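Each of the next two complexes has chain A plus one more chain, namely chain B in the first and chain C in the second.
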Partner chain A sequence: MLDQPSHTPFTGPLLQVRDLTLHYRTRQGDVRAVDGVTFSLGRGQVLGLVGESGCGKTSLGMGLLKLLPSNARLVRGEIIFDGQDLAPLNDAQMRRYRWRRIAMIFQAAMNALDPVYRVGEQILEAMEAHAWPGIEDGPAGQKRRQAREKVKELFRLVGLDPELMDRYPHELSGGMRQRAVIAMSLACRPDLVIADEPTTALDVIVQERILRELKSIQKELGLSLLYITHDVAVVAEVADQVGVMYAGQLVELGDTPQVFHQPMHPYTAGLLASFPSIRGEKRPLAALPGEPPSLVAPPSGCRFHPRCPRATKECRQEVPPVVGQGNAWAACWHPLGAAQP
Partner chain B sequence: MAGYLLRRLLQVLVTLFLFVTLSFFLIQAQPGDYSSFYSLNPKLPPEVQSRVRAQFGLDRPLGEQYLLHLKNFATGNFGVSFSHYPQSVLEVILERLPRTAALFLTATVVSFYAGFFLGKMLAWRRGGWVEYSATISGVALFTVFTPWFALMMIWLFAFKLGWFPLGKFLDPLVWRNAPVSANQVFGYMLFTGAAIAVILFLAMLLLAQLGLRRRGWLPAAVAIICVASAVIAWAGSGVGYLALDILKHMVLPIATLTLISFAGTMLLTRNSMLETLREDYITAARAKGLPEKVVRDRHAARNALLPVVTSLVFSLAFAVDGGVITESVFSWPGMGLTLLDAVLSEDLPLAMGALVFVGLLALVAHAVADVLYVYLDPRIRYQ
Partner chain C sequence: MHRPDMDPASPAAAVPLVQVQSLRKLFPVGGGMFRRARRFVHAVDDVSFTLQRGESFGLVGESGCGKTTLGKLLVKLQPPTSGQVRVAKISPGAIPAEQALGWWDLARLKGKELKSFRRQVQMVLQDPYESMNPRRTIYDTVAEPLAVQHLGDVCERLDRVSQMLELVRLTPVASYLFRYPHELSGGQRQRVAIARALAMEPSFLVADEPTSMLDVSSRTAIMNLMLEVGQRLGLSYLYITHDLAVARYMCQRVAVMYLGKLVEVAETEELLRNPQHPYTRALLSAVPVPDPAHRRQVEVLRGDPSRPVDPLPRCRFYDRCPLAVDHCRDTPPPPLEAKGTDGHLVACYRV
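And then the complex of A and B:
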């Protein structure tokens, strides 16, 4: 089977993000896509990141690998990965972390394959760029042959016929391409995989199957997984912990069962209420009123206040305090479960 | 693949047949015929005129004439040129076709490489004065009136600076006591060029096979060795000065053609590349930790190439028109000038022959480009 991720002396959490702030410069002004996000992710853990479209969750994911468009700017914050802060690193230094330590499964992952090269070739290319991780040293041709075997093994792991590695992307179905992209993300034996809406473009049945497989692979390899999605149901299925993002900020973080059964932030509650539950009780769906705010000029105080049923004067004026402790908290003036003012 | 090539060849033949047929009836639709060159002479008595017509077979029914025409073309019999008598049309064309081919092939290859490289770099490093000035001069060159631009080139580099000859294929003074004919020398020059191209291509294949292509200086070294040995061989042959004379005459027309056509390639590549850079697979390539150069060349430029090759195929047809203009401005005795002269001097057999060969050239170029495209884009099936 595949080897376990390489171990290093550092024993803290694999990933610690502190006060991460990313802005995009646009003609309308700075878009504060990610604003003061802090969380940590332990080894072998799955953190789900949920939020509406445009809440900055994709920017956050790309920001961790520092793969942002040229108008983006890392304003402040730390990305401590395995004891090393990635924030000040330049592109050449980042390259050593990309894919080798932190891999990614993209949003619309089906387009993540270059149409003019064979699928297997694109996986081998990543392995070659990182000096063939997990392949015994030897002549170039021999390493390549071994790497091909490794890719075949990965294809079997994600439920693909190994013969498909010599096909072009357009010869594969959407689900197959998705699996190939998952196989690609595992090729360099990363410690952390960032999955950004990896199943959104697929039909529900394929989505469900791939999700289960991803979860079992994650457990089997002991990977850490940052799962970014707008789909609350998916997070409930895969994540150990859930972070809820709103308007560029993390508003609630906690263990999955706790967040789902006793949400503290009114936004989390609203998000949960707007999704149908198959097994739970029958209830009318409650869409959140209003629109997500502009990230150029976000609302003052608590950014959720214009849409919040519990909003008061202090919500409009003052930044909300963090209630709760450690890895279970919410940033809210009037958290649920506390007395209504 | 073999089936595809065969089908494509069949297509070329069918198109050629249609082209020959069409050109035959076009000539018929015009006043006068092949004999007009002789028979319109008022000094000829009517019986001689009709004898001339009969000699050309122009007294036979149209259908029979057409079949005869087809038969002659199929057997490579294009008749005798009136203006180059006693040379046959085929002789004239075989002498001039290589000259045009050398001019256009060189200009196309150089402008394609230069345009593609510059366009790629412009898209990769956006912004700044380099991009603006390159884009503006690109648009200027792309839209410039060709004859005017060619004349300006001659005025500046041949007349004012005197670096290159004013035009024509060679300098008669240099060739006065030449031991060999210009066609022989030119033939050997073409052979040298082709040999260098083939050796370079094979060397690249070999280097790729050995996995040494990444070392940038190796292909350059091979190229330098090839060119240097060719120059030494020519210098030792005793007729190197003649080749140099032809070469000097080639520089200005090739430079003009290259400048005019590289701009289109550059602008298109830039746009195509900017679009490609937004694709998810480019972000994926970056995320994989590939070096910037690999992301740029292996992924972005490789995909940006596809629409550029398509446009190249279309521009090949226009190269033929451009040939007439460029060749007449530079007095370059190639197919374009031959066609023009033949039409002006009512040399119908030569005009027909030149027309058919120009058409054949365009057809072959298209077929080659199509095959190339199938090779470049795996999404296109051999159909």
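And then the complex of A and C:
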């Protein structure tokens, strides 16, 4: 519940998502990409969202900013950001939030830079389009000079030489471009950054460097970060809390150490057991049987039941209950290491 | 599922299958239709190693280090600039201990010999969406190498294809035979690619990032499948990957590549426990560990890997190396030599 005091400003969690449901209309029928997702994200917290491709994690991230293709429909739910529900807002109203207060780093965003413009120029252009956020009012040239200084500062923040502002994208390596994109996302000092697989296309040494920088910037600026990835190991490194998505639903949520060491949902356990590591004893990996279901006609009851080793009759027939409490729960009939519901 | 660990000391593992000697591949940069290129990328630079029969040998490195080029040289998809690759001739379906029938020198292969070489050496590529003809059924796809090699009649081919699909667990076989690639998931397609490679009963399989496009659960299933099939058929793998955790799971030995050169070769567990080369150490320290309790001691490197265009005659890692001294700058690249434990090779003047 919102425990909002009578006076402003709003002090509850920065982001509260309730029962968010998002469908895509296709010829095969409605794809239920996000179905009844509920979670909250505190100020200065990092929530990792893991799941396999097609589980709806990217749709969820885009849905929060309402950056969705035309066949998508927000069926129901609330996206309460800093006390304001974004769900009913129209596009013009959303522009006040996008980038300025909620920024997004897309997967392979580094390839989205326009090859014919200098990197810094593209950031300045975006700032201009948003009426120079955070820049004092004045003559255009002065605003531009101020903004340039600011971009230089941002480049330093993400560990890039400010000189690189005046280079073209092809002159930068993949890791440098991705850092430039991160700098761009931070230009308006957003409260929330949604990062969707920001390091997936990068080499491991570069990935490590970017994760480290992202994490230190997040701490320094007190940002909230929603980190979307398929990589369980990356989540273990960056997130305070982990949410596990399967077939459009959030099936488990909890503090990172708890989810990793005592997973409750059999899908979480299966996902962790199939992930190789370079540390610890070498162990055999167990693959989850089967494939994720179609989201046009998802299985009845618990969506994981066709692949679940613990499935029983009730799992096949009825939607599983939520076990656990507050910010540590799983939706399962037969959770691991816990009493039956 | 169990991990079929092979005893590296067993006689079967001590028989060489592939011998690579001073292999080099340069690609011209610049130049044009009428102008000769003056500069070259040294994609594979003086690489030597031996791969044993029944062994799974991992090749790890970052993008652009030349690992894919090296893989292509080994299956003769590209000619080397210099150096030699020799592959032992083995009759199809032979048990690992069986004598080889001689050696193929890849540079001299052509005609009939090349065709029988192609039968023994197969490749599985990274992208199961791109490596299959969308207009051909699964049966056509898997049977194609059999047709090319004129093996069996239609009935025998159908038998063979069914057998292969069963091996990679695309069952019931009848329901897959006449489907098209677009009807399958990524993991299933990669199974088809493996079935196609195995239909020829190869003794050597080059797998170039076969699981990096796949999701966690199909990735694990494919890795387990390759281990099991490899064990059952006595296959040797060259397993190319950027992911050290995957290499650990799949390979008995691992070679680390940096800008065209092998910088360290060792048995996998030894390499993880006791990395010697400063690049290997940095690479290992950067790999995220799926355990929030684990704290890594990151060894930070300066800069980014450059492109080895006409590199100076010095250690390729000199610019980024935390241990570099003047000697490393003034001497040709260090050779890969034994340091410490058996078979642990390192190319560094400083360790």
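Assume the second predicted complex is superposed on the first by the 329 of 341 C-alpha atoms of A that agree within 3 Å, B and C clash if a C-alpha of one lies under 4 Å from a C-alpha of the other, contacts with A are read in each partner's own complex, and residues count from 1 in each chain.
Assume a residue touches a chain if its C-beta (ideal position, glycine included) is under 8 Å from a C-beta of that chain, and two chains touch if they have at least 3 such contacts.
Values in this document were obtained by computation on a predicted structure and should not be read as measured data.
Between chain B and chain C, more residues of chain A are touched by C. Of the two partner chains, neither chain B nor chain C is touched by A:R189. Judged by the touch definition given at the top, the superposed model places A:L113 against chain B, while chain C stays out of reach. When the shared chain is aligned, chain B comes close enough to touch A:Y168, but chain C does not. Residue contacts after overlaying the shared chain place A:R98 against chain B, while chain C stays out of touching range. Using the contact criterion defined above for the overlaid structures, shared-chain residue A:R310 touches neither chain B nor chain C, since it reaches no partner.
Of the two partner chains placed by the overlay, only chain B lies in contact with A:A140; chain C stays clear of it. Once the two complexes are overlaid on the shared chain, A:I205 sits against chain C while remaining clear of chain B.
Applying the stated touch rule to the two superposed structures, the chain B and chain C interfaces on chain A have no residue in common.
Contact residues of chain A toward chain C in the complex are 52-53, 173, 175-176, 203-209, 211-212, 230-234, 236-237, 256-257, 260-261, 270-272, 274-280, 282, 284-288, 291-292. The residues of chain A lying in touch with chain B in their complex are 62, 65, 67, 70, 91, 94-100, 103-104, 106-109, 111-116, 125-126, 129-130, 140, 168, 170, 184. Across the complex, chain C meets chain A through its residues 1-3, 62-63, 185, 187-188, 215-221, 223-224, 242-246, 248-249, 269, 272, 282-294, 298, 300-301, 304. Taken together, the chain B residues at the contact with chain A in this complex read 126, 211, 279-281, 283-292, 294, 298-299, 302-303, 376-379.
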